[in-house]
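What follows is subunit A paired twice: with subunit B in the first complex and subunit C in the second.
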Partner chain A sequence: MGLLSILRKLKSAPDQEVRILLLGLDNAGKTTLLKQLASEDITHITPTQGFNIKSVQSQGFKLNVWDIGGQRKIRPYWRNYFENTDILIYVIDSADRKRFEETGQELAELLDEEKLSGVPVLIFANKQDLLTAAPAAEIAEGLNLHTIRDRVWQIQSCSALTGEGVQDGMNWVCKNVNAKKK
Partner chain B sequence: MIIHLWSYLYKHVFRFWIKWILRQLTGKCELQRICDGSKKSAERTLKIEHSLESSKNKVLQSAVHAPEDEVKKYVALIMKEKKIDIQKDTGFSLKLQMCLLQITGYKKLYLDVEDLRKCQYNSCNEGHEKQLIELWNLLMPHEKLKARITKQWCDIGFQGDDPKTDFRGMGMLGLVNLLYFSKHYTHEARQILTRSNNPKLGYSYAIVGINLTEMAYSLLKNGALKTYFYNLVPSVAQMDHFHRFYCYLAYEFDKFWFEEEPESIMYFNQYREKFHEIIKRRLQDYDVVLAL
Partner chain C sequence: MKLKRFLLRYYPPGIILEYVQGGEVKTKSIDLLDLNVATDVDALVEDIRKAEPLITASRKDQIVHLILRLQEKLCQQVDHKFYLFKVLRAHILPLTNVAFNKSGTCCITGSYDRTCKVWDTASGEELLTLEGHRNVVYAVALNNPYGDKIATGSFDKTCKLWSVNTGKCYYTFRGHTAEIVCLSFNLQSTLVATGSMDTTAKLWDIQNGEEVVTLTGHTAEIIMLSFNTTGDRIITGSFDHTVAVWDVGTGRKMHTLIGHRAGISSAQFNWDCSLIVTGSIDQTCMLWNALTGKRVATLTGHNDEVLDVCFDYTGQHIATASADGTARVYNAETKKCIAKLEGHGGEISKICFNPQGSRILTASSDKTARLWDPQTGQCIQILEGHTDEIFSCVFNYKGNVVLTGSKDNTCRIWR
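Here is the complex of A and B:
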């Protein structure tokens, strides 16, 4: 490390570290979103066995994003990653209407988890690039999001593929990092 | 900094003069010296490839991109450019031709693999559906698939009730690899599937297979697989050879996984990376031969 970089390090305050948990059913687009956030190539994505983690710098925060596989078989492991979560991002495939019920159930169970109580939740209504995608408002209604009262929440339509809407969602995340209700 | 300067000077100044001096001393050009000095293996082909690519001569540069049916023509052109007397060095043209076939064949194979990868699995395509059902029948000969969309798919390691969404970035390449392994190494594939259902150390067979296809694909793309192909195939590599490399990965990964005894499937990516490093190291050996 050169002298200059040491000086620079001393001068600027360290970024606040934020732990973000990325959950949702398999094929919702979590890994694509993660790679989009890290500005990586999104053309070679394969289903996630286990988890991926990446750190992204954004607006003075160091976002440590945990992307956990969504297949039913590994959902029981989700709880191992709840501790110290600052923000929960829940990703939904807006075009997969057949699984809205399943994804709603999983979300409801997450919101009941004690370790996640009060944690702000951002719901990404993903895959808006597809013609068959349901609009965010319709999903919000279907999932009864308006009944959430114990935390701040937001639904954001996006396309992890094209990147549209992703930044808006992340702006909300940065604004609400410290909004965790004790 | 010093390393950069040195490599710049070497590439633009010294390399030329070293080559010139050697040429005067031996009466042979660099390509001839490589052919004489190395045995028939990946080492020779890799050195020839490097020599052609770093040449300032346009004919030599473009030779590595020649289509298969123009390789002979390029060999003649190179010999003319380099003023190589065919009478004096009788073996040279044949050796160069073999190397060029391997070099251009690898590039062509990458394009073919890329085409198959870009081809998305499509449930309306009868051919795709047939291959998917065939995969089931090969892996589960004693159990009939009850419907096209069914939880049974999880038994061979897909994520949900319809495998179509699991191929993703690997497209048909992922399915064709899985199918090739089941078809040509049926016994091994079934054995690995059974092992992958181990309640403690198990993993999702099909999903991990698609992940390993990604590994094989990226090794092909970044050139790491050249040693494997140049040693295995004396002329133009075919798609089959790529599928066989996938079979090797599937077999070796399973062995690796059970030897390592990971705590749970959640650590898959860490172990995948470790396995990737092992394979990359094996491929760095000029004499590497990887076979199931």
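Here is the complex of A and C:
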């Protein structure tokens, strides 16, 4: 990767390149999702202390996915990465009901960010492989997603571990890349 | 004109003359870039005397003595083994660039955590945290050889000038409309140059904090810049595939170096300002005549993007680093590849010589930094310990301390 590659990914992406920002609380499964997208081994994943970037090809697009660490102390730095974002993917641990309120707040704050205004948002209700996982509909209601009016959005249940639902979500992403990209 | 005294410069070898003219103290330097242990000292002194009227017959013995000292320095064996001395863990997000002051007593680190930290090299103690930027601190520099000021360039589009001693922010340079990704002091320490993703570079006056000039002309992001030794020229490298040579005094573009077929990754003047080397994503390096802007040679061999390129201090050798996982050493005179540095398990993003020119340091995505013999291409040492890729690496002026900055949020001192 190197610093130069980061600069190359930083500049406003040309046509057919999509900048995707992957956010969510710590332990939501962002890095597992990123590695699942890149068809990489997901057996040894540790908390992300900074960020990971991967590029994957999908439906004629080059998706540059930025996975940003979600621990509380580094959440204030999320805005380092907002510039030129085409799609926001927000990942939720559907089995961690105790933190639904916290994750809902973080999402609400993101949707208020000026630099992310109008950016389509995909919410992954992750960890559906766990028996205790809340269904996507319940999460959507709990988070009042229906009140989002300033952008297109979608909630998709998935398991980053098994890969189930991930592709459906990415299909939505490719369909909703801003008109300027097409 | 009256000669006051001589100053010795080890790297690159040279003698500085301090003299008085019209009541003003001035200096000029006699570069001895070709000096080696076999050089005939008496013949060299004769040549110097012929060319330099300030050096009279009575000064001859002094000059001989100075040259002998330089030669002595040159034959000092550099077989220094480095060990991990300190892990600097205070940043909470990945590091970007790192730098030393000239004496190597202090070093600085930039980070995604929006700070620049100043460290005591000997103790590993954090001396200062420079806070104020509102986004990633990407580029950092000290005004060597003085080393009393720090410039930081940020993704927040500003550059800040700080006091090394107190951490006070003297100025915030505003004007760029996109991320600042490269910066440099001139050697005279009167100006800071900043390069930005907004396709322009700007020169700022350190004394009064004002913008001196904006260098406009590139059609894509500027990602590197570099002053020449004398400070009258600056080069900017851009994703628009070109390098521009600018006159510092007027801000006028003197030349555009056109030839690369992809974005520029790196560019540098040699010490005597006669040549410019450029590296590109197009997998090649090119050498250019700095005065005419004409291409002199194309250095080929890498089979992936060239990510960094540099001259040694005397300008006799060029080192190139590539995404193909190898580095190469070229002779700047013959343009021939003299060594291939093989062994890294991932792309090499940074490369530099030690000031003596006897070692090359590389930083790689394989989480290691390595030391190499530029003559033989042999790997001398592998600096292992980082747990993620290394973004930056530098030597101090003495060449006996190495600093590496990594995506693993740490900076390591090796000595």
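Heads up, the rule we're going with is that the second predicted complex is superposed on the first by the 163 of 182 C-alpha atoms of A that agree within 3 Å, B and C clash if a C-alpha of one lies under 4 Å from a C-alpha of the other, contacts with A are read in each partner's own complex, and residues count from 1 in each chain.
To be clear about the criterion, a contact is a pair of C-beta atoms (placed from the backbone, for glycine too) under 8 Å apart; a residue touches a chain by one contact, two chains touch by 3 or more.
Computed from a prediction, not measured in an experiment: that's the story for all the values here.
By the touch criterion stated above, A:Asn80 is placed in contact with subunit B and with subunit C alike. With both structures placed on the common chain, the touch criterion links A:Gly50 to subunit B and to subunit C.
Within the superposed three-chain model, A:Arg72 lies in touch with subunit B and out of touch with subunit C [touch as defined at top]. In the superposition on chain A, contact of A:Asp26 is made with subunit B only, not with subunit C.
On subunit A, the surface patch touched by subunit B in one complex and by subunit C in the other comprises residues 49-51, 73-74, 77, 80. Within the complex formed with subunit A, the subunit B residues making contact are 154, 159-160, 165-166, 168-170, 174, 203-204, 207-208, 210-211, 213-214, 217-218, 264-270, 272.
Those residues of subunit A lying in contact with subunit C across their complex are 1-4, 7-8, 10-11, 49-51, 69, 73-74, 77, 79-80, 83.
Considering their complex, residues 26-27, 42-52, 70-74, 77, 80 of subunit A touch subunit B. The residues of subunit C lying in touch with subunit A in their complex are 92-94, 96-97, 112-114, 135-136, 138, 155, 179, 181, 197, 220-221, 223, 239, 263, 265, 307, 347, 349-350, 365, 388-389, 391-392, 407-409.
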